[in-house]
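Consider the two complexes below, in which chain A is the common component and chain B and chain C are the respective partners.
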Partner chain A sequence: MTPGFWKTVGIIARKDLVVEARSRELLYTTVFFAVAVVLMFSFSFVVDGAPLTDAAAGILWVALAFSGTLALGRTFERERQSETLKALLLAPVERAALYLGKLIGMLVIMSLVVAVVGPLVVVLFRVSLDGVFWHLLGLLVAGGLGFAGVGTLFGAMLNRSQSRDVLLPVVLYPLTVPVMIAGVSGTAALLSAEPNMARAEVWLSMLVFFDAVFLTLALWVFDAVMAES
Partner chain B sequence: MPDLDFTTVRVQDVSRTYGRRRALAHVSLEAQAGRVLGLFGPNGAGKSTLLNILATLLRPSAGKVLYGTHASETAGDVLRASIGVLGHDLYLYPDLTAAENLAFFGRLYGVPDLDARVAECLTLARLTDRADDRSGGFSRGLRQRLALERALIHRPRLVLLDEPFTGLDDASAHILIARLRTLAADGAIVIMATHDFDTAETLVDDAVCIDRGRAFPIVAGSGSLRDRYRLALQETR
Partner chain C sequence: MGQNRLIAGLVVVAIVLFAGAPFVIDAAPYESTMGLIQKIFYFHVPSAMVMFASAFVCGIASAIYLARRTPGSDRMAIAGAELVVVFGIIVLVTGPLWARKAWGVWWDWGDVRLVTSLVLWLIFVAYTLLRRFAGPGSDVLAAAVGVFGMANVPFVYWSVNVWRTLHPKTTVVRTLSPEMRFPFYWCLAAFLCLYVALLLLRVRLERSKSTLEAVYAELED
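What follows is the complex of A and B.
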């Protein structure tokens, strides 16, 4: 009796997290990279202890996008090294469940990056989270889901390509422009001197809409993408 | 999901191309339950392509493969649950222990009573004392033994092996031969691609030569398997 859809999702995600817990390779590299990006920006945009107005939102999302791309490339590189992706494709499970399992593993890693980089941005750029914390969390979750959702699909697609490391950002960034625009604009609305909650909610709604579209498309095409025709 | 029951695998006029390169050309053969079919041929002859098609990882460009009366396109997940593959790459996660690798794939295949089955597989691989060691630290031979049990953990009906003797010492090779004989005796269909004629001599019941994408039977008779293979190869050229 093969496992059901959601059980398969859990099996794949759990395996990815156990592997990561052992090696901590993705976590250390992505966190270090994201922290380095934030620090470098802080050298330019924080002058005499005063940060540039509205810089924090852009810097937060740039750090997440760059470190997320690093993690996405590496997570599929692992499956390629011992051709374990082939073994997953040989298993009698739905391909969409493989996609969701990998996506959840990625989201957990990106959440940990946010947990480190978020407070760093708050401290370095003197951001106040009073009354905006849950909205900001919503934007980060929805934006992260959209970014990782597209990235997981293309990470899997490019797994067999020799120039996958170069191609992934080239393909990923243009496709996730709507996510980035909505994420940065919504975050900027929240982190400005006078938070505009209504505007942030509009961008959050757009992110939820993008997520629904991207995830539906990814689940729909993943089976075809993974088939070697 | 019930297992798909079949006792024959028929490859019918299968061709496969990669762009303009032809990897297989009008290959037809049959494998039966209880017998071991050996695929022999030079490097790049098309053996791995044929195994990938049998494993449902590749689609034929022309022709079809029948598992009993079922075609791969229609059987889908049920068919994959009946196939076990030991590839040239071993499909093991180096950061997981031997037991975790087996348990992970066992869960994916929905193996009942998984803990007992994992323990049984570790015993068969003679890795009980290394169960909690990461597979990345194993020698090629140990990983090969673990990978074989990984491929067999769900007791597949069709077993596909690509160079299964790579990295095995004499004792391990003999144990593998015994394991494959037992599998065939239990009703599995075993198809194996190898260059190791000496080892395969005592194992295969039927042999096929694949050369430049075409398949020719290696006829049974007097002489060693290697000599009969060379004869078959000469006749194809």
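What follows is the complex of A and C.
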């Protein structure tokens, strides 16, 4: 008897998180990598002891994109080493459930990265979050979903390709340019001296629209691509 | 071979049009504010139009390939993607040359068409890199990039548009004076003939390649 669609999604996401909870390899390395990226940016963008205005938004999103790519590469590397992706594909469950399960696992890791890197950026770049916290969280969730949604699809597809380590960012960054533009612009609007909520909401709605279109496309492509492999 | 004749015909027409282009462009009047530099427009805009058209050719062919797995659509997608890269180079070289003279800067991040062209070009460079280096299964992977790349265009366009724009509006073509419109359509026809000829040639090359592979495989058996 096969479990229902959402139950399958839950099982796959849980599997990833249990594996991760036992070794914590991905979490520790990714979080520390993101912290290192933020520090590198701090050294290059802090001039005369004061941070550049508006640098915080860009740094936050670049750190997320870099560490997200790293985590995507590692999580599928793990599946490849023990051929478990093949086993998953052999299981009599819907492909879409596999995709969503992996995506949720990825999103949990990325939220933990944000939980560490976000406060770090706030402290290092003297950012004030008064009254903009929920808007910022919305941007991060919608942006992270778009990035991880496209990334999970290509991470899975590149799983058995040659030079997959370098090809993932080569493909992923140009395809997620709208996420970066919207995320950085929306965040910058919130973090400026006079927060512009209306502007941030425009970018947020664009991100939600992007998520809807690209997740639908990703589900279709994942189904079509993984069907015969 | 009807197709060979079609390709040969297109190549001849393209050669004639391109040979005549300098004279036709020279005969067009000078634009009042930009002067001589505006003449780059006659090559810049047609190559940009062909580039975007080619991205759609690749995107649609990729979607058909993902759904049906017909070899023909895959060949069309490769040809389309490579031509986006080729015509993109023309666009991205002539654009800044014009911008430097007209606006005083080589590049402007607030301009929607500039940034959209660059991102589109990068996506299709990624496509060709995938095809070359990803190994077995790269055809499906690349097809996914083609579909996502096409879907990306409106988002990038909209995002950059929310910033601010100083690029001449696309309606510029309709406001051209008749003396300028003639060389523009002349060059557009030249680029279109060249594009279709290259596209068909590239598809044919890919077809010959797979025939050759099939013959080799048969020989080894």
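Methods note: the second predicted complex is superposed on the first by the 223 of 229 C-alpha atoms of A that agree within 3 Å, B and C clash if a C-alpha of one lies under 4 Å from a C-alpha of the other, contacts with A are read in each partner's own complex, and residues count from 1 in each chain.
Note that in this section contacts are C-beta pairs under 8 Å (C-beta built on N, C-alpha and C of every residue); 3 or more make two chains touch, one makes a residue touch a chain.
Only a predicted model underlies this, so the values are computations on that prediction, with no experimental measurement involved.
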item: Partner chain(s) touched by A:Ile11 [first = chain B, second = chain C, both, neither]; value: first
item: Which of chain B and chain C A:Val150 touches, first, second, both or neither; value: second
item: First (chain B), second (chain C), both or neither touched by A:Gln162; value: second
item: Which superposed partner A:Arg22 touches (first chain B, second chain C, both, neither); value: first
item: Contacts of A:Leu89 with chain B and chain C, given as first, second, both or neither; value: first
item: Chain A positions touched by chain B in one structure and by chain C in the second; value: 229
item: Chain C residues touching chain A - in the complex, by the definition given at the top; value: 66-67, 119, 122-123, 126, 129-130, 133-138, 140-141, 144-145, 147-149, 151-152, 155-156, 158-160, 162-163
item: Interface residues, chain A side, partner chain C - complex; value: 150, 153-154, 157-158, 160-164, 167, 170-171, 174-175, 177-178, 181-182, 185, 202-203, 206, 210, 213-214, 217, 221, 224-225, 229
item: Chain B contact footprint on chain A (complex, rising order); value: 1-3, 8, 11, 15, 18-19, 22-23, 81-84, 86-94, 227-229
item: Residue numbers on chain B that touch chain A, as the complex places them; value: 1, 55-59, 77-81, 83, 85, 87, 89-96, 100, 104-105, 107-110, 112, 134, 150
